[in-house]
Amino acid sequence: MTSMYAEEILDHYRNPRNFGELKDAQIKYKESNPLCGDEYEFYLKVNNGLVSDAKFFGDGCAISKASASMLSEHVKNKTLDDLKKMKLDDVLKLLGIEVSAARTKCALVALLAIQKGIQKFEGGKNDGSQR
Amino acid sequence: MFDGKKIREDFPIFNSNKDLIYFDNAATTQKPKQVLDALQEFYSQCNANVHRGIYKIAVEATDEYEEAREKVSQFINSKIEELIWTRGATEAINQILYAWALWNLKKDDEIVTTIMEHHSNLVPWQLLQKNGVKIRYVNLNGDGTLNMKELENSVSKKTKFVTVTQMSNVLGTINPVEEIVKIAHDNGALCLIDAAQSVPHMEVDVKKINCDFLVFSAHKMLGPTGVGGLYAKQEILEKLDPALRGSEQIKSVSLFETEWTDLPWKFEPGTPNFADIVAFGYAVDYLKKLGMKNVREHERDLTKYALEKLQQISKLKIFGPLNGTRGGVISFQLADIHAHDMASFLDDNNIAVRSGHHCAMPLMKYLGISGTTRASFYIYNMKEEIDKFIETLEKAKQVFKV
Amino acid sequence: MFDGKKIREDFPIFNSNKDLIYFDNAATTQKPKQVLDALQEFYSQCNANVHRGIYKIAVEATDEYEEAREKVSQFINSKIEELIWTRGATEAINQILYAWALWNLKKDDEIVTTIMEHHSNLVPWQLLQKNGVKIRYVNLNGDGTLNMKELENSVSKKTKFVTVTQMSNVLGTINPVEEIVKIAHDNGALCLIDAAQSVPHMEVDVKKINCDFLVFSAHKMLGPTGVGGLYAKQEILEKLDPALRGSEQIKSVSLFETEWTDLPWKFEPGTPNFADIVAFGYAVDYLKKLGMKNVREHERDLTKYALEKLQQISKLKIFGPLNGTRGGVISFQLADIHAHDMASFLDDNNIAVRSGHHCAMPLMKYLGISGTTRASFYIYNMKEEIDKFIETLEKAKQVFKV
Amino acid sequence: MTSMYAEEILDHYRNPRNFGELKDAQIKYKESNPLCGDEYEFYLKVNNGLVSDAKFFGDGCAISKASASMLSEHVKNKTLDDLKKMKLDDVLKLLGIEVSAARTKCALVALLAIQKGIQKFEGGKNDGSQR
């Protein structure tokens, strides 16, 4: 019942890793969950096709912030293609908890920011969702 | 093909009114128990305001609600983003008026429409005359079909908008909407199809028609009252600001500015009629299961049968095409019996029809009459009912001494 | 006084969800079987399009439909002519925007409203900025009540319109609407009361308030979704052209002109949501039978009880007045637990509350927060439920380690 | 069942009495039944407080036309006060039939035209329903 609020989740919520701005990031994207109001901007530095550094900034619930925080650690040294392939399940595995249907959107905001950022970076058509 | 008698068993109203012959389907249809049960179950099991709710029944309610949109958008072959919920066809047309036409049509721009339109596709556009917009009406051929030659001549580079019903709620005429859309587009005009009388009765494919807007009402197709659909092409919706404004349609609101959210919700402010919308999804399920080709064929059968019998009654005049592409709506006048007296007499014999101008006063004037009596069919109607109807008309001739 | 437990038995949803503690009544309420039965019976016995039908079930349907209007207009003490059916409060506000404000407010005219408004009473008016109309927002006192001094100073001869909620859906604050209307009128401005949160919970008398417009939604007061009321003074309605245009609202239509019919139908184009409107009449019957004084007292009781208990929880902050005139809506924040996490946790314990900005983003910004968790009560809630709620909050403190 | 369409009703429908315009009428009023479309204009000549002549013009169903026709005969030599007191029941008595609920409005149009015309003639406030 209380599995969604495991110790590790709360730790990442209260002490988010890689929190802040990354000035010289090539990838920069803000994504929000309009139903909940969670909003995060992700910054990725890319070197030779690998993510060399990552940070994020923003606010939201424990689920969304923990997933942003964990993703900010996970993405380092991954290729952009690796990241583009990530799915909800991969995020849930990172989080290590079960997330109720109502909250999957919270778990996904950060990943969406990363993936849309990459898409834009790679010159993909801007889908208009960046403000 | 299917059996009207068997279908009838799904409709509780025919249980309460065993002998009722319901021939007023163009006004509104009856509801199968599948739809009534869905409504009841929704309210009894997962009623909660849709979107934003984090608790279980709110999630269920939202899922059911958006599933209905999937079902109905599939039914007319639109994208999910292109189907906006409204109260009905009339409100849908008003949304086009206030979201697009009012701000985009200017002095000396022209609208082309037809003399057979329902007031709901006519009164809204008159507002634009305020801005100097001109309305042109296309007339009919002698048999009650649309004069396409006249339509072609009426649409010009001045035309910014063409709006036409797909099926007349008085004459039963089915208009060649694909052709009309093409004429509109060739002249740079947008085109609205009033599908209030067609979506319930035949396959309607918005991509095939290629119209810019299309509207319909749930209550005319087994669904509950208070629900309708506005289809519009995504590229149009994306460019427009919503007419109706409020909550649930926004990304963010500051004191003096609002940022709209994504389609289709951008056009749906306030709490939607979610319970009825869920039930509407079940109405569409019911129709899909029957198959719209079969629905159309069933009605074509009944209509052919009725037209044949009616033509054998002396002094009976039918308004609308006698053959060809037409739907199951038959307007008539029997000798000098006033339409209301006819309807009363039929009612005395448990036959429900409509009488009067059918919200098409300009058409009445054009036809030189004050009204008609109208019988309109649906899936639960049967040939036996038409026989009884014809008998009653013969009886009326005696009573009214014609 | 009455017994929440006994009332609960009238609500089928609590039969399907035995342990559900439903505290999201400000979003939408549950429906008693009296309302669901009325809906079912209507569809199964006399479903037919209202007005114009001459046959028996059409006459019955029309009678039931207009009886609902009688019931509801009595409930708010308006004349029958002054109650217009809409889809909900949001659409009602939009009708005022498009029928009156858009054509009557000019450059440099001012609107006065408050920082506690729901988006539905805020986003519509922003449209008028297009025409150079200015919006002024009145702020709050420290305790979450409206700053009446500031309101008095904001309303001037430039003010053409004052629009205020009677009860905040976030803070529970009840505003002194009679006084506000008087201030508006003294300055020659019209005044709209957003009664979406008040009509369901207390006696509301439009004549006593003396407002020019008042809006509310059926789904927040035991009624079905898709129905709302727009009250406006008769002399105002008589002068206005309707915003929404179409059938059923006209005396006669010619090609280029329309003559409107009498009030209230003039403002109701198209097929109304008649089945739900009939059912709404039964919802109002249910509330009348309980007595709105008793409803108010029951909620006052629950709210007082809840506020006392909540104040004993350390690190819990309540937004809104702690005593005085307030309704049964309580917004709070517990330590650093995010509102959505709080709502999820409560849901895990079968308690349905809402979390987020509650469609009041400007108020959130004013309060310097991103959202709150909100519990809101109605007639079927009980003190035992509040006890369980408080227990669960204590449990949350452990789980979230605050 | 067929009682609404008695011989006499049909006779008045097909051969309405006093049908036409009355040029020098002091009272002249058009009333319609917007739901049905029945519309009649009534003309009354008044002499010493008595109706000395009456005619009507318009169109509608058998019920409305028969009641207009019968009323045009009935009103002669009545005082205006007599006419103002008339009710639905009086019209139904004239018609001599039972009228279903849906059709009472049809039975009433003519009487309303007469009564609103009198009200206007007597300087009563014009209620705006005349076109």
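Assorted remarks:
The chains carry the letters A, B, C and D, assigned in the order they are written, with residues numbered from 1 in each.
Going forward, a residue touches a chain if its C-beta (ideal position, glycine included) is under 8 Å from a C-beta of that chain, and two chains touch if they have at least 3 such contacts.
Please read these numbers as outputs of a predicted model, since none were measured by experiment.
Most remote from chain B, judged by the distance between CA-atom centroids, is A. Of the chain pairs listed in B-D, A-C or C-D, the one whose interface repeats that of A-B (more than half of its contact pairs identical by residue number) is C-D. Chain C and chain D have centres, each the mean of its CA atoms, that are 46 Å apart. One simple way to say how far apart two chains are is to compare their mean CA positions; for chain A and chain C this gives 38 Å. Mean C-alpha position of chain B lies 31 Å from that of chain C.
In chain C, the positions touching at least two other chains are 52-56, 58, 340, 344, 347, 356.
Counting partner chains per residue, chain A has residues 36, 100, 102-103 touching two or more of them.
The touching residues of chain B, counted against chain A in their complex, run 51-56, 58-59, 63, 251, 259, 261-262.
Interface of chain B with chain C (complex): residues 12-13, 15-17, 20, 24, 27-28, 30-31, 36, 39-40, 43-49, 52-58, 87-91, 93-94, 97-98, 118-120, 122-124, 126-127, 129, 135, 137, 217, 219, 224-227, 243-250, 252-258, 269-276, 340, 343-344, 346-347, 351-356, 359, 361-362, 365. The residues of chain A lying in touch with chain B in their complex are 32, 34-36, 100-103, 131. For chain C in complex with chain A, the touching residues are 336-341, 344-345, 347-349, 356-357, 370-371, 399-401.
By the touch criterion given at the top, residues 1-2, 4-5, 7, 10, 13-14, 36-38, 59-63, 100, 102-103, 106 of chain A touch chain C in their complex.
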